[in-house]
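Have a look at these structures, which come just after this line.
You will see chain A twice below: alongside chain B first, and alongside chain C after that.
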Partner chain A sequence: MLQTIPADPQSAELPPPKPILQLVGIRKSFGTFTAVEGIDLDVREGEFLTIVGPSGSGKTTLLRMLAGMDTPSEGNITLHGQLINDVPPNKRPTCLVFQSLALFPHKSVGENIAFPLKVKGVDAAARKARALELMRVVRLPESYFDKNVMKCSGGERQRVALARALAYDPEVLFFDEPLSAIDYKLKKTLEKELKDLHRETGKTFIYITHSLEEAMVMSDRIGVMRAGRIVQIGTPEEIYGAPVDRFVCEFVGEVNTLKVQRRPDGTWEGVDVPGTFTLAPPRDGAVLDEAFVVVRPEFMRILGPGESADNRLEGVVYNEYSLGSRIQYQVRVGAKVMLVELSRGRALPASADRRVTLGWDAADAFTLES
Partner chain B sequence: MGHKRTNAAIWSWTLFVLVAIYLPIVCGALASFNKSRYFGFPIKTYSTEWWQKTLDSIEIGMIVKTSISIALLVTVFSVVIATFGALAFARYEWKGRKLYQKLILLPIFFPQPVLGLAMLLGFNAVGIQTSWMTAVFAHMIWIVPVVTLVIAIQVYGFDPSLEEAAYDLGCSRTQVFREVTLPLLWPGIWSGMLFAFLLSWSNFPLSLYTTGADSTIPEWLYAKMVAGYTPMVPALGTMATLGAAGLLLAGGLVGILLRRRAAA
Partner chain C sequence: MADLAIASPSEAAAESAAQLRRGRMLSVGARCALPVAILLGIGFLAPLVAIFGYAFATPRSFDVFASFTLANFATLFDTSNTVWLSFFWSCGLALLTVAILAVVAYPIAYGLNLVFGRWSALISVLFVFPLFVSENVRLYGWVLFFIKSGVLDGTLKWLGLPGGPEVLYTPGITLFGMVYTYLPFMLFPMTLGLALVPRDLVDAARDLGAGRLFIWREIELPLAMPGILIGMLLTFVLAIGATAEAKILGGQSIIVISHDIEIAFTYSQNWPLGSALAVVVTFFIGALTLFALSKLDLDRMLGRR
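Let's turn to the complex of A and B:
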C-alpha cells in the first residue's frame, strides 16, 4: 500500500508550506471610506503571490498595511505567527519596491544599493562588495557602481530598486506595480527576470498590479480584488479556467457574455439574443433561474458546413482586427456584438457574404450568477 | 525683417533696464572716489582717501560687525525654523494647514515701517530693551516667511515615497531626515540661507525701529545722509553692495559645484 511507505521529504505530496504572513479579518477605513474589508489571506512561505484589481480596488492599501506604512482599522496581520499590526516598516523583515521605485536621486547606483547596509552599520568595504554582488544578481554591469541613478534607463532603475531591496535581505518582498511605466518588450523581459529572481532567492514575493497578464506570467497564485475585497484566489490556471464570477471573468480579458433564463425543462433561453442553449452546470451546483454565459473569444468558433457545436448563433461579421498571430472578428448577433478570435491560419476568406454561424461547446463556457 | 526688428527691440529694452538698475550703483561708487568732501559731478579729482578712511573707522567697523552678527543669527534661526515650517507647509497633510499657509505669508505683505513700529511698541510694552538682538527677532518676522516659501518650493518637488522607502529600508526617523530629507532639501536650504542673509543685511525699516542704541549699515547710511555727509557714505554703501554681490556669487558657485559633484 502506498500509505505505508515512509513519506519521502522530497515528494510532491508534502503539505502546503506553512503561511509566513497571515491576514485575518483585515479592514482599513479612511474616515467614512472603507478601502479594504474582510480580507482573510494566508501567504505561503516562498510563494509568488500577485494581487490584481482595477485601480481603486484597495490593493495598494492592502500592500501598505503589509509593509507597515498603514495600520489596519480592524483585524490582525501576523508574520511567523507574531502580531505585527503596529510594527513600523523599519522593524519589519519586509521591503517594498515602490511604483515610483523611490531611488535616492542624490546617491549613485552603488550607494542606493548599499543604502540598507549603511543604515545597519556595515563598513564601507563590505557594503561595496555586497552591492557589487547584488548588481551581478540583477544583471547590472559593475561599471554602473558610481553612475548617477537619474542617468539610468527605466529598466536599469528597476534593477537598482530590486538590488536595493535585496540588500535589505527581507523575508518578504512587496512590489507596487513597478513595471507599469515600462514599455511592453522590456516589461516582458523584466517579468521573466523577476520570476527567475524569485526562484533563485527563494523569498516570498507579493506583487500587486492591475494587469492580469503580468500576474499570469509570474505568479504561483493570484488574488483578484474588487471594491476592497478579494473575490477569488487561486493558481493562474484556476483564475483563468474557473472564474468565480463575471467580474473575474471579464478581468481576465475580453469575453462574450449572454444573459439567459432557465426554462422549466432545464434548458436555457437567451434573453438578449433568441435561442436555446445547452450550458454547463453553474459552479458549486448552484441552482439559478437567471445566469450569464461567458464564452472567451478563443473558444468561440465559426462553424463551417457540416460542423457542429452544442450551441449556435447566426450573425454578420462587421469588423476584423489583427492581433498579430490571431485575428479578432466582431460579429453582430441581433443587438449584441460577439467576439471571435481565430488563428491566422484559420482566417475567414475575404468573401462578400459575411454571414456566419458561431458555435461553442458547453464545456468551453462558464455559467455564472447574474 | 520682422525678426531683426524684434531682436533690436529686445536688446534696447534690456539695455534700458540694465542701465536704469545699475547706473545709480555706479554713480554711488564714483561718488565714493571723489576727493572733495561734497558731492558733485563731474568729479574733479579722484582719490581712494575716503575708502581708506572708511576701512580705518572704528565706528564703521562696529556697525559692520553689528550688521554681520544680525544677518548671521537671522540666517541660522530662520533656516532652521523655515525648514521645518516648509515641511509643514508643503509636505504633510494636517488640520489647519491651509490657514497656516496663508498666515505664514502675511508678514511679507505688511508695510515694513509699520511692522517695525509695531515691534518697537511691542518690545516696550513687555519691557524688553531694544538692541541689535531685538532686531534679529524683528528681521525674522519678515524673513522666516520668505525663507519658508523658498524651501517649500524645494519640498514640493520632492517625492514623499523617498522618505517612506528609507524608513522601509531600516532607517530610524532621524536617519531618514539625515540621509534623505536634508540632502534633498539642501539646494532649497542653501538658497534660503542666501536670501535670509541678504535680506537682513540690506534691511532698513525694521532695523530703524528695533536696534535701539545699536546701528546697522543701512541705518548709518541714512543717518549720515541726513546729517554729516562725507564720501564715506557712498564708500560704505558700495562696499556693502560688493559684499552682497560677492556672497551671492560665492553661494551660486558652491551650488553649481555641489550639483556637478552630485551629477558625476
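Let's turn to the complex of A and C:
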C-alpha cells in the first residue's frame, strides 16, 4: 500500500499514523429523516481517505459535519483530541472544496485564491505573491491572475478552487465531488494531479464521491457508505478483493450473482440455475444455509474444449459490447444473464458458436450472505 | 389587403406574394402583439408629444403646435424662479428617502430570504397589501393618526399623558410619508437581489475563515448589489415625482417640483410653462436613469461575463 507520509524513507517502519480526526457515534437527523446513523471513524494524519456511496447515502451530510456547516445530532468529532462539534467552520483548520466549487463570481482568479489571506489581514503585496505561488502549484498560468473567474474553463476553475483552499493552509482538506461535472479525460488528469498534490503537501485529504473508480485511483483508504452508515472501510485492494457484502460488491462494479442453497450432504445447489457449485469459504467462516456467489465479469471465462474450471455453466451469447480494450459478453443461462469480460485479444471469433460454456474458479468468487 | 381589389389579377398575385413574404418576416408573435403595440405606442407617445409641443407654445396660451417660443424655458431658468427651490426639495427628499429605505429594507429583505422561512410569503403579502388602497386614502389615514386630537394624540391624552408630538405639516412628516409609500418598491428588488446570492458562496467564505461582517462586505453585499441598485433607482425615480406626501402630510409646508407642475396646469392655467417644466424634469430624470443604468452592468455584477 502507498505510504501516507511523503518523503520519509523510514515511514515503513513507523507505527500507523495517529488519528487526526476522530468520529465517535456520529448521527444526524433532519426532523424524522436520519441522514447519518452511527459513524465511527478514525482519519489518519496525512492520508487520502475517500468516502464513496450512492446519492442519498449521507456522505455529503457527513462531510458538512466535518467541515462545521452542520452539527451532529449525536456523537463527537474530535480534531487532535479536541472536541470540535460546535466549532464554526471559520474557526476550524479545515477547508472544503465544494461540489459547485463556490468560486466568488465577482472576483478575479487572483482575488479568489487570495481570499483566505485577505481574511487573515495579509497585505496586498504578500497576498499576490502567495497567490501566484499557489497558482504555480496547481498549474495555472500566471497571466490568469487578473482573469475573471467565470471566464475560466471547468478544469481551470477546479484549480482555482483548489488553490484557494490551499491558501487557507488547512490541516484537513475536504472535497465534495468536485470532479463530478468534468469530462472524462480531464477528470483523469485532475485525479492524478490531486493525488500528486496530496503527496506534495502531506495534508490529510477527505474526498467524497459516488464514483468508486475515482476513489480507487486516488485513495489510500476507501470507506463505502450506505444508508447513513459506513459498511466497509479499507484499502482499495481490500474493497475490491474482499467486499463484505453484496452492496459493496455490486458498488465496485458489475457482477454476476447466483443464489445457492446448501444440500443436506453439504454441497451447494443453484436456486435460479440448476447445477452443483463449489464455493470459496464465506468471510469470517460464517455457516450459511443460503448464499450468494458473486463472480466479477473479468473472472468469468469462456471455456474452450479441454479447459477446466471449478464451476461450469452452459449458456448462449446474445449480446456483446465493446468496452475499449475489453469486450463484454452477455450470456443467457436459463433465465439469468451472466456477464463475461474478455480482453480484445481473447475475443470470440465472429464465426464462433454462440453456445458457450462459462467457467470460474471458486477462489475467484466471493461467497456472501444472502 | 383590401387595396388588392383594384389591381389587375397578375399584379395582385405578385403583390400578394410580396406581402406574404413581408408578412413572413414578422414572426407570428410579433404580428399578434401588433395591435397592442400600436395602442400602447399611441397612448404612451401622444401625451408626451402634446407636452413637448406645449413646452414651446406661447406662455399662458393654448397655441399648441401653432407657435414656437423658448419663453417658457427662459422663465424657468430665471434664477429668481422658485421652481429651483422645489427642485432641490424634490431631489433632497428623494435622496433621503432612498437612503433611509436602503437601511430599512435591507434587514427585512434579509429576513424574507433567510429568517422568516415559511412565513416569508405571508409577510411579503402584508407589505404588498397597502398598495391595494389608494395612496391618497392611506396618507389621509396617517393624517388622522397624527392630527391634533387624532388617533395618537387622542389616545395619549386619554391615557393621561401629555399628548402626541405636533409632527403634521412639516418636511419631516413628508419624508416619513415617502419612506412609507415607497417601501415595497425598494423591498422587493432588494429581496430578489439577496436571493441571488448563492448560499454556498457564503458557506465557502465562512469555511475560508471569514467572519460575518467580512462575508457581508466582500460577498453578500456585492452580489446583492444589482437588486439593491435597481431598488434604489426605482424608488429615486418614484420619489422625485412624488407630490401627494408633500401636499397631504406636509400640508404644503414645502412645495415639490411635481406640485409646481400641477399648479401651472391648474391654478395658473399656464400649460406651456407647466409643460416646459415637465420636459426639463423628465429629461433630467431620464438622463440620470440612463447614466445609472449604463454604470450598472448587471451581467458583470452577476459574473456572467
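Just so we're on the same page, the second predicted complex is superposed on the first by the 359 of 370 C-alpha atoms of A that agree within 3 Å, B and C clash if a C-alpha of one lies under 4 Å from a C-alpha of the other, contacts with A are read in each partner's own complex, and residues count from 1 in each chain.
Heads up, the rule we're going with is that a residue touches a chain if its C-beta (ideal position, glycine included) is under 8 Å from a C-beta of that chain, and two chains touch if they have at least 3 such contacts.
Since we're looking at a predicted model, the values are computed, not measured.
Asks: Putting chain B and chain C onto chain A via the overlay, clash or fit?
Replies: Aligned on chain A, chain B and chain C clash with each other.
Asks: Is A:149 touching the first partner chain B, the second partner chain C, both, or neither of them?
Replies: second
Asks: Touch check for A:104: first (chain B), second (chain C), both, or neither?
Replies: In the superposition, A:104 touches chain B and chain C alike.
Asks: Touching A:263 in the superposition: chain B (first), chain C (second), both, neither?
Replies: Neither chain B nor chain C is touched by A:263.
Asks: Considering only touches as defined above, state whether A:18 meets chain B (first), chain C (second), both or neither.
Replies: In the superposition, A:18 contacts neither chain B nor chain C.
Asks: Which chain A residues are contacted by chain C in one complex and by chain B in the other?
Replies: 67-69, 88-90, 94-96, 98, 100, 102, 104-106, 115-116, 118-120, 148, 151, 164-165, 168
Asks: Tell me, which parts of chain A touch chain B in their complex?
Replies: That would be residues 67-69, 88-90, 94-96, 98-100, 102, 104-106, 115-116, 118-120, 146, 148, 151, 164-165, 168 of chain A.
Asks: So in the complex, which bits of chain B are touching chain A?
Replies: Residues in contact with chain A: 159, 161-162, 164-172, 175, 179-180, 183-184, 262-264.
Asks: Inside the complex, what are the residues of chain A that reach chain C?
Replies: 67-69, 88-90, 94-96, 98, 100, 102, 104-106, 115-116, 118-120, 148-151, 164-165, 167-168
Asks: Inside the complex, what are the residues of chain C that reach chain A?
Replies: Listed in rising order, the residues are 198, 200-201, 203-211, 214, 218-219, 222-223, 301-305.
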